[in-house]
Amino acid sequence: MIRVGILGATGAVGQRFVQLLDGHPYFRVTALAASERSAGKPYRDAAHWTLDTPMPEIVAGMEVQTCEPPLDCDFVFSGLDSSVAGEVEAAFARVGYPVISNAKNYRMHPDVPLLIPEVNPDHTKLIERQRWNEEADDLDARGYIVTNPNCSAVGLVCALKPLHDAFGIGAMHVVTMQALSGAGYPGVASLDAVANVVPYIGGEEPKLGEEPGKLLGTLTENGIEPEAILTSATCTRVPVVDGHMEAVSVQFNDHWEMEEVVEALRSFTSPIDALNLPSAPSPLIRVFDEDAYPQPRRHVHLGGGMQVSVGRLRECELLDVKFIVLSHNTIRGAAGGAILNAELLRAQGYLNPRGERLGVM
Amino acid sequence: MIRVGILGATGAVGQRFVQLLDGHPYFRVTALAASERSAGKPYRDAAHWTLDTPMPEIVAGMEVQTCEPPLDCDFVFSGLDSSVAGEVEAAFARVGYPVISNAKNYRMHPDVPLLIPEVNPDHTKLIERQRWNEEADDLDARGYIVTNPNCSAVGLVCALKPLHDAFGIGAMHVVTMQALSGAGYPGVASLDAVANVVPYIGGEEPKLGEEPGKLLGTLTENGIEPEAILTSATCTRVPVVDGHMEAVSVQFNDHWEMEEVVEALRSFTSPIDALNLPSAPSPLIRVFDEDAYPQPRRHVHLGGGMQVSVGRLRECELLDVKFIVLSHNTIRGAAGGAILNAELLRAQGYLNPRGERLGVM
Amino acid sequence: MIRVGILGATGAVGQRFVQLLDGHPYFRVTALAASERSAGKPYRDAAHWTLDTPMPEIVAGMEVQTCEPPLDCDFVFSGLDSSVAGEVEAAFARVGYPVISNAKNYRMHPDVPLLIPEVNPDHTKLIERQRWNEEADDLDARGYIVTNPNCSAVGLVCALKPLHDAFGIGAMHVVTMQALSGAGYPGVASLDAVANVVPYIGGEEPKLGEEPGKLLGTLTENGIEPEAILTSATCTRVPVVDGHMEAVSVQFNDHWEMEEVVEALRSFTSPIDALNLPSAPSPLIRVFDEDAYPQPRRHVHLGGGMQVSVGRLRECELLDVKFIVLSHNTIRGAAGGAILNAELLRAQGYLNPRGERLGVM
Amino acid sequence: MIRVGILGATGAVGQRFVQLLDGHPYFRVTALAASERSAGKPYRDAAHWTLDTPMPEIVAGMEVQTCEPPLDCDFVFSGLDSSVAGEVEAAFARVGYPVISNAKNYRMHPDVPLLIPEVNPDHTKLIERQRWNEEADDLDARGYIVTNPNCSAVGLVCALKPLHDAFGIGAMHVVTMQALSGAGYPGVASLDAVANVVPYIGGEEPKLGEEPGKLLGTLTENGIEPEAILTSATCTRVPVVDGHMEAVSVQFNDHWEMEEVVEALRSFTSPIDALNLPSAPSPLIRVFDEDAYPQPRRHVHLGGGMQVSVGRLRECELLDVKFIVLSHNTIRGAAGGAILNAELLRAQGYLNPRGERLGVM
């Protein structure tokens, strides 16, 4: 078993890490870290547990520590808020920890993989370009940071991947209807949410403009060559608990036929299928024929919250093809995605019990 | 006072007619008509009243009749379901009644005005082309049908009008987030609505494809010359009670600057402003600067539900400009819009007490 | 016109004061006060306006001041949080201002009226016992504090009043289903609210235990003799925007018949009916015969949010009679109730333009 | 494996049966029956599947039959609507099928067990009194009917059981806040549900008056001697998807202390614990200390939807003790409860592959 620490363990994403790692075949939670306010308390007292399964017994009594190295673990997941993630994650990387982060701070850093295992598993090679501590020469001794995309980009890019492979995506128009849990806890006030839509989410639209290009980009000797995709995004918040839905229109660079588009999505097999990673859904994409599907409340849990649902595939009068995509924003789009990232890194040999690497500490 | 009959008086739209006509300065409800099942009962027993103001006393005891002429009134509003509206409305028009309809049946009929008074008040001249009864030569004796657009088209076209006047709209991309009341009562099942989004509304997307072109079209000797607007629409249902929100991107035919676009919306004065019609909001369009506005629950009631809210005006990376538009689907988009249509028709001399016209009956 | 200041003007209750006082026939807002953070800003910038009508133009540009006397007004409404209301309200009373408060701090103070005009208008006489400033002998020069009850007690006691007058209430069992707006803004997190019920509201149940007794109590030479009503309360939060609903069972001291109970509620005329106060609904209580009524979304706005709805009147198998009561928690239960209190105080001669009294300042 | 038929397989309860029986260790679905309208279609076309897991592959292609014997199965679950359940269930019992029913028709029949395995497992002995077909003498050849209680009674009685055993319950006051799924599909209209509470559920309150007495009653030679529990119930519908919450006050016959009450609930072990039935939760009751818990969205899934949550245990000012109880209405309160009933009947020898009994057909 590889020992795991969770940074930001008491927050919304941190709780998802705790929940999803309960009983994980590779990873065991051995350290929980959060803000000064929580430090020193048992997790059950420090965390206002908001998930719909009970807090795992194994962590309930664990004492929460501050977010400083060292922690008793082989690597850390970070569910930290971006206001603190930048410094804390770098501090852990500098002393040799792999940091699998959900925060936005390093997503667009040229040497940091922005990773969806089914989409760009080769991008992890960027790790070898990272130098958080100049004195740590040995790759095994060096810490690194790997990130997963914004929750509204993940499902979208999973659906784009087979289409991009087949036809090349040149432009897209996206309108999101995002779930409340995407804003964390307490997050959106109920008076803003109940029977209402808020047509704006701060900072979200630019992320949809830049992350897909990096995710679908090509690994070169000089880093990632991003794909040029002209993107228009409007992000809204709807009164849904979990599950970001997006109305997407795409324009292709190459010739396409509608049947080919449907087939590309239906028959997509991801490059990591052969690895049989525990959190990887199979297949990645579920295509619905029913007009009224997918729906967040009914389909967000498919594949343990890791599958991406696509529906309403049809021609777009303006661009080429339009469709609906749905994915679980706090599982596939946050903690679950980060765990799958860790599973891939382990399979690729980047993540080991620290006894097997030369730790710098 | 002009005496009004309401066809489909017990349904969701019919109830709105009853509510909004209570205390109206021109129109007085004198006849209520509905299906056989309701006929013969007092309105209070026939209608499952679902609005948030009490049923007006004046109609509560009125006996509901069947939807057949004659009715004791000078003209009729129709809130009928499209499954029956076609025949019933024609039957009333044939015997000389003006029919101000909310149903979709005759919206695209070449001789029937599809009317938003602030947008195309001159289209009412089409009335003179209608011949429901060949024997009724005299215009005053002839019945006619006037329709209002689909509830998702109304707010959209109100926002497009100033932009079309200024820059010419060549194409648009629309994603709607529509309220539950748009489906009538009982309409959407609560298990499909609560904490959920349904990414499809039967028949809605084609209406957004064809109605704006007619509404923004030009009256010629041969009828309406529709405007060619290439339109891509995706229509979804969100758990909101009243108020259709739409994320709109438009492409202009002419040169534009962002400030000009904002100014066109802010300074728009409608061609009917001088008429001071009782249900006309002033101004037609309210432009919000706040990123998070407009919101259905907070802004749908502006201008008595007749004002159209626009927000998030900004450049579109793909087309030219994008924005959010919100309007009340059962007031502006249905009963209130039809009442405003009747107010315009009265101002134009098309609607009079039948004593002043030569009735055919 | 009497000039009004609003303490806590930017908060949820403060905004309701601003909204409801717009166009009031007696009162004109001349001062807005809030926390240091808001002071110095125009109201439009200081307040995150959350209501569904636009912010009144007249206050939008008014500069917000701190909550310290003097303010340019004849009396103040207080929508302050209880954490600060105690000191601030006393400070205003000491220098001669009447304080019409919505805060809980002085509700159970023996010399402070806990007032529902339709229920205990004579309790205002307690004002004469208040001595916030020993040097201010003249009643006209003295400040005082008058409070309205907790939002969950108001509707309940309005419904109890006719029953108590007729049969004497000895005990009651209350389960509330309270609206989100009762917790202010941001208040309840949407993740706690959407598709959920929270079976607890901090501090609410004890208030239902003590306030009804004082409200229904008798004014004596020594103050209020409270009514002894044995009360069991459970308070829950449901995903409703406005409107507290309560399932109430009562036990009577005297003989009763079911028809008499219904008649007592239906025919109740309040002691202030003759005063024709602008905010007083008529009648106070609306009794529904339909099993499924009243409902918060449909009936909370009756009487401008000041009427109290009662339904499902029937015998209780354990106590005597049970029923449902519904009232608007931020209008009848907060700002609207306080404004009605001020209207009564004016009618009773306790509230005047300060030019007509001997101000101490 | 015992072969199972499902009556009413396309409805809301029927779908839950299908979902919960997927992969069941004892039971395998071999027949699906529904109304004439569905008969002859494959299940995937006949059922408008509304659950949040995919339809099990094994039933998707199965042809739906009409609700008439014979069906190819050893016994039937009935999720039929009460309008047809009476006749259909009797028809199956008459030809030798055990019928495990969720319908209300036979619940209060003196010879039909109203069964919660953890509460009254001995009541199954009533089966031996049933004579649906006079010619079928042999118990093994005879059909019978076993019912589970109304969804609002199940959680309540599970919580009452330990208290009744310890202190004897003499009276209770119950106010329910019931989930939308309790009304089936399409069930409650969304316009009645969203941001609203409906203070009435037809027929529900009388069931809470009579079913607990039978469930907690004593099996005698003459059938069940019901427990006399004076009950006052108010049933309301709240905008929650799954999970009936109830605010309960109880009066005891015997001496009690608060700690004893808490301990009785915490330490309760059900009489069937030793049987290790697959659907039985362990423990039956989860007691929460946190004031704000249990909550439907967060806790309804505990124990696979079969556990009953209790919170806010405290003294009642009127009766003796009050608390909140929550249970899953379509799992514990319907299909899951019926499956647990079948598991108990199998363990007791009442349910066998028909090859091992003398079938009458």
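Letters A, B, C and D mark the chains as written, and numbering starts fresh at 1 in each.
The criterion applied here is as follows: a contact is a pair of C-beta atoms (placed from the backbone, for glycine too) under 8 Å apart; a residue touches a chain by one contact, two chains touch by 3 or more.
Computed from a predicted model, the values in this text were never measured in an experiment.
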item: Minimum number of chain-to-chain touching steps separating chain A from chain C; value: 1
item: Chain whose average C-alpha position is farthest from chain B's own; value: D
item: Chain B and chain C, separation of their C-alpha mean positions in angstrom; value: 40
item: Whole-Å gap separating chain A and chain B, where each centre is the average of the chain's CA atoms; value: 44
item: Junction residues of chain B - those touching two or more other chains; value: 50, 192, 194-195, 239-241, 297-298
item: Complex interface listing, chain B residues touching chain D; value: 50, 180-181, 185-195, 239-241
item: Residues of chain D defined as touching chain C within the complex; value: 171, 173, 175, 177, 192, 194-200, 202, 209, 230-232, 234, 236, 238-241, 245, 247, 249, 291-298, 311-312, 316-319, 322, 324
item: Touch list for chain D against partner chain A, complex; value: 50-54, 194-195, 241, 297-302
